[in-house]
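First chain A sits with chain B, and in the next complex the same chain sits with chain C.
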Partner chain A sequence: MKKTSLVYKIYKHRVAYLMLSPVIVGFFVFTLYPQVWVLSLSFFRYDGFRPPTWHGLQNFVRLFQRDPLWWRSVWNTFYFSFGKLAIELPLALILAVVLNRNLFGRNFFRGLFFLPHVTSTAIMALVFYFIYSPYQGILNGILGSLGIIEEPIDWLGTGGIAMISTMLVSVWQNFGINMVLFLAGLQAIPDDLFESAEIDGANSAQRFWYITIPALGRMLQVIVMLAIIGSLKSFDLFRVLTGGGPGTDTMVLMLYIFNYFFDRGALGSGATVPQFGYASALGVVASVIIGIVTGAYLWWSRRLGDNQR
Partner chain B sequence: MRKITLAIVFLCVVMLLAAPVFGGGKKEAAAPDGPVTIQWWTHQRHDLSYVEMMMEEFNRRRDDINVVLTSYTTGIDEALNLAFEAGTAPDTVSILPDARAYIDMGRVLPIEDYLPADFMAKFQDYRIPNVNTFDGKFYTLPNVGHNFRFVYNREFFEAAGLDPDRPPRTFDEVIEYAEILTEHGRSYSPRKYGFMLPIVETWIWYQYADQIGAVSGNWHFDYEELEFQYMNHKPILEFYMTLRDRGVVFPGGLSLENDPARAQFSEGNVGMMLAASWDIGVFNDQFPANHEWGVAHLPTPDGQRRGKGQMGGGGSFWLTSVAEFPEIAAQWLAFMVDDEYLIGYYERGLGLPVRPEIAQQADTPAAYGFPGFADTEYDDFYPATPPGLELEGPDRGVVYNQIMAGQVGVEEGLRDLDRRMNNALQEALSRDAFDPDDFLIPGWDPMNPNVR
Partner chain C sequence: MRKIRYFSPPIILTYVGLLFLTVVTGFPVVYSVFGSFKPNREFVLGGARILPMEWRLANYVEAWELANFAQYTWNSLYVAIPTVIFSLFFVSMAGYVFSRFQFPGRKFMLVTLLATMFLATGTVTLYPIFRVARFLGIHQSLWGIIVVYIFSTNAAFIYLIMGYLSGISMEMDQAATIDGCSKFGIYWRIILPLAKPILATLGLLAFRAAWNDYMLPLVFTMARPAMRTLTVGVIALRDTRDGAAAWNLMLAGTTISLIPIIVIYLITNKYFIRGITAGSVKE
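The block that comes next holds the complex of A and B.
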């Protein structure tokens, strides 16, 4: 057996492969297999009941040519993602920098800010549903008692406002985990750098801009990348909080796909059927969109990674 | 290059592995051995305690049968489909996600083949094509239906100076009453409102639009031309938009589900809403109303009735081809549609029997509010509309919500919906998803909708 052959390499590292096998098998069965299944299904017409029939590229033609609501969902998803990240990431970074100092009670605040992230999204969305409620809701109650509003505002049922309300819930849920990740990155920066800069006369803002940000380097790049991907895949918050409404104002990619998988149309008529094939095509295109955005971001931010080489 | 070849081979293997997913299930037979266990899946919750009680009674009477109940609160459609794929489907089930598809796939059996002809005779007058009979055979037996009414808070009416014995009959009257109630509601803390319109769950338009469409003669399907005509709902949507614009709708309708809406009605915080007969149990038990409430017929644009109210249901309880002993499993289903079972069902106010002789034999239900729904003289079953449509774009519920949210004009939205629904219908027709003769009804009359 040639020492360069694949079989020999596997034999040589058999113990390592054996130990890796649960993960590898899990990857094939639970990750790759469903993905290939979805890819296959995107070329079929399939309602979940009758056997699938070959549909060629028709699902993709429909998606690109005859489905304006899909592209509206794409726009909504980008609007939501970049809107909330514009608040969430700077907030997380600033808090991380503040809580990286030797402040009294910093561990308490680190825990407190991280807490929303470990709360179930569904439960959290329900709590915010009551906070936002236009009838006896806490937020309207506070604004009303302060004399800021006279009539209650329908935070989740008014076009334009609903998306911003949902963004704020998402920021509240996720800034904590990003703060923790930033903290891990900040703690890896040697103190010498800051001390040297201080001796050189750099003020706090200059130290933050010229040392903290570049030194976070790849960590910053990865945190932002994960935040972008997580935001583009948002689903449960919208499912519980708005259902995509009012109308389709908060319809996002994943919710739109979900509706084609499981929506059964109007109760009673039973006229429309689930469209698994089309939903799969939507899923494939959504993955490509997320992949392109992520790739574009990594290319654009490549200098951040270079700083640590 | 070698890596690319390896990757292609690998992907082909995975795709081949995926292929069996598209295969169907397989039925296996077995010999009887002692009492036969019948699996019964139900999706209904409001009648569960009665069903359990009667199932125990049935099991007690029949030594040779043991019915086992599994109750699904949600997701029965997906669970059932998966169970068929896995070969673990129940013998009997209360609902099918797509009856025509299940019949075509041989997953359900025509129940009339497994029950005596004299028993079947009592159901012959209640056949509804494509609801309980398919291809001329009963696949499910008529048991109970549900209907729809206008409910209102009598005490709130009285306090606002309205006559609780004279509920509104026209759209204009509903608007006028809602304004009076909302104005009077300002004196309460928390404030009360005139009308409830909870539309975040889009199925609710079945209740809020289809039912008013039925009684006002604005049904959304033309059985003579085989065409959807949602444009007929324009005056109904404009009515709701007027209520919205006047500020008399309970706040948050666009983000409110039916459960909290019904809870608010029970708490007395809203004056009027639409309800189904299943809401009798909701207002009596689930969210007990703290006030006297009245039941009236649905309002119409001008107070004139131009169609019967739509009764929902009319068929239930399916016998699956998984049943090893379909003759025995059919007896459990027969028990649930027979007089004794349905009389008890009716007397508890759980539903409205399809066969009028049930109500004639039964005592008057004691449930508060039931009499308002029990008189079904102006209700009837409506013919089914063609199934298997693959609609492109937003469905009816989403379009109606877009209209209510002001994202699209009424005419523009309804015209586009009709176009897409009718395109989907023609497309389904072109691939033989249904037989048009099963749905064409020349001279169909909404005052006599149930053409048997």
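The block that comes next holds the complex of A and C.
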């Protein structure tokens, strides 16, 4: 056998391939196959019992023309993501800048603010469900005893308020992780950059805007991208805290898709026969939407990405 | 680093803000822990009181025995521990092979794996994953959950291990090869011991993910309540009973779920945060 042939190279590295096999097998079985399955099923009608029947583009026609609740979920998902990130990311960045200084107790604050991220989203959603409860919840109890409110507020049962209550839980859980990531980026910026700016007479706001932000560069871009993708994919929080309610006020993409696959009772449409084909079409469109948002963001933020560190 | 004047208005304002955030951040956890000792009638009253008026340890006994949380806790451990061990084994082998050898298909595989980090999966692929488990005949045991966890490609972990190993010189590998050590032997005897720090970090992340997860065990245990993990079991208690009926038990379950992960975090704080940031700080 020639020592340069492909077959020989593969033979020579047979142990390497063997050691990679769990990851490769896992990729095919639990990543690629499910994606392909969903993509192909989106062109079929399928109830899980009888064999799938070809349905052409009908699932997509229905999705685009006859499913207002889906588009409501799309809107809610965007509203949730951008609403909560508009609080969470500036908060995280400001805290990172503050805790990057040599403040007394900064390690305590860093460690504590990160703590919510190690807890389970679903479990903490349950705890917040108790805290927000209108009559027995401690939030209304505290606000009432301080005289801030007179009537109990139904934090999760009032349209308009429920989504904001949910955003705040998500901010609570995620500002710390983003702070830690920003801190890692800040520590990579050389000090003399700030010192020379100070000598040139830049105030702290100017230093933040013209030095910190551009110098974070690609890291800032990636952190924000991960935060956007993460919030568009939120599921646990909504399933446990609101179930999509009141009405459909907090129905989001991933919960809507989940209900079509696993919890038809929660759809409220009286759908009794499983509609896995339609659910798959929803999944495909959701993936495309998330892909488009990610791409659009990367294009919009391309100047940050130019600054590779 | 410049000196800080603590008695200037901006610094005082900063501390006021930090302390406010400290209270807000800690409150839900403190609320759960104290709430888990309250008799249920104290919840029915409502009010602003955080500490229990009457400390009721029986909540834990009831949660443990009557609400089946002993079983759920065991299930959570039964899932999380093998998940950590096998994930670390698989990703460290992959990271070693990718970082040390040039073989046909290497680049293609790496790019494909890294691309999966940006795929929108979430609840979209949950159903076909469950069907795969059913096809394999493991959808009715906890091993179904474990198998999905350990074989779900964790590209980020592989990437972090590669980054770590690239900082370790290959001289030892080469010396061992000359001594007749096989590729697997080098991995087992040399690479694994050297990679302990990064493995500890990744192990913590894997444990946290498995211990806290809700979506996958929810689906796998829908037909089998006895298989529920702690996260699923605590939330199921609310969904199956009248919500007001068992807040104390649910908060006991919550506390049982929170304490291990928080204790681990407090002990290993530095590893945790290092693991999160390791991939992002590349000099």
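As a convention for this text, the second predicted complex is superposed on the first by the 275 of 309 C-alpha atoms of A that agree within 3 Å, B and C clash if a C-alpha of one lies under 4 Å from a C-alpha of the other, contacts with A are read in each partner's own complex, and residues count from 1 in each chain.
What we mean here is this: a contact is a pair of C-beta atoms (placed from the backbone, for glycine too) under 8 Å apart; a residue touches a chain by one contact, two chains touch by 3 or more.
Note that the structure is a prediction, hence the values are computed from the model and not measured.
Chemist: Compare chain B and chain C by how many residues of chain A each one touches, and report the one with more.
Modeler: Of chain B and chain C, C contacts more residues of chain A.
Chemist: Applying the touch criterion given at the start, work out whether A:86 contacts chain B, chain C, both or neither, answering first, second, both or neither.
Modeler: neither
Chemist: Name the contact category of A:287: first (chain B only), second (chain C only), both, or neither.
Modeler: second
Chemist: Is A:52 contacted by the first partner chain B, the second partner chain C, both or neither?
Modeler: Only chain B is touched by A:52; chain C is not.
Chemist: So in the superposed three-chain picture, is A:126 touching just chain B, just chain C, both, or none of them (first/second/both/neither)?
Modeler: The answer is second: A:126 touches chain C but not chain B.
Chemist: On the A-aligned overlay, A:159 touches which partner chain: chain B = first, chain C = second, or both, or neither?
Modeler: In the superposition, A:159 touches chain B alone.
Chemist: Looking at A:296 after the superposition, I want to know if it touches chain B, chain C, both of them or none. Which is it: first, second, both, neither?
Modeler: In the superposed model, A:296 contacts neither chain B nor chain C.
Chemist: Please work out whether A:242 is in contact with chain B alone, chain C alone, both, or neither, and reply first, second, both or neither.
Modeler: A:242 sits against chain B, while chain C stays out of touch.
Chemist: Name the contact category of A:40: first (chain B only), second (chain C only), both, or neither.
Modeler: first
Chemist: One more residue to check, A:61. First (chain B), second (chain C), both or neither?
Modeler: The answer is neither, since A:61 touches no partner chain.
Chemist: For chain A, give the residues common to its interface with chain B and its interface with chain C.
Modeler: Shared contact residues on chain A (touching chain B in one complex, chain C in the other): 33, 37, 129, 135-136, 262.
Chemist: Residues of chain A touching chain C in their complex?
Modeler: Per the stated touch rule, the residues are 6, 9-10, 12-13, 15-17, 19-20, 22-27, 29-31, 33-35, 37-38, 95, 98, 101-105, 109-116, 118-124, 126-131, 135-138, 140-142, 144-145, 172, 176-177, 180-181, 183-185, 187-188, 191, 219, 222-223, 229, 232-233, 235-236, 239-240, 254-255, 257-258, 261-262, 276, 279, 283, 286-287, 290-291, 294.
Chemist: Quick one: which bits of chain C touch chain A in the complex? Just the residue numbers, please.
Modeler: Spelled out, the residues of chain C in touch with chain A are 1-2, 4, 6, 14, 18, 21-22, 24-26, 28-29, 31-32, 35, 43-50, 90-91, 93-94, 96-98, 101, 103-104, 109, 112-113, 116, 118-129, 131-132, 148, 150-153, 158, 182-184, 187, 208, 211-215, 219, 222, 231, 234-235, 238, 244, 247, 250-251, 254, 257-258, 261-262, 265, 269, 272-273, 276-277, 280-281, 283.
Chemist: Once bound in the complex, which stretches of chain A touch chain B?
Modeler: Those in contact with chain B are residues 28, 32-33, 36-37, 40, 45, 47-52, 62, 66-69, 129, 132-136, 151-152, 154, 156-159, 162, 242-249, 262-273, 275, 278.
Chemist: Given the complex with chain A, which residues does chain B contribute to the contact?
Modeler: 11, 14-15, 17-18, 21-22, 24, 77-78, 81, 97-99, 101-102, 104-105, 190, 200-203, 205-206, 210, 247, 250-256, 264, 269, 310, 312, 384-398, 401-408, 421, 424
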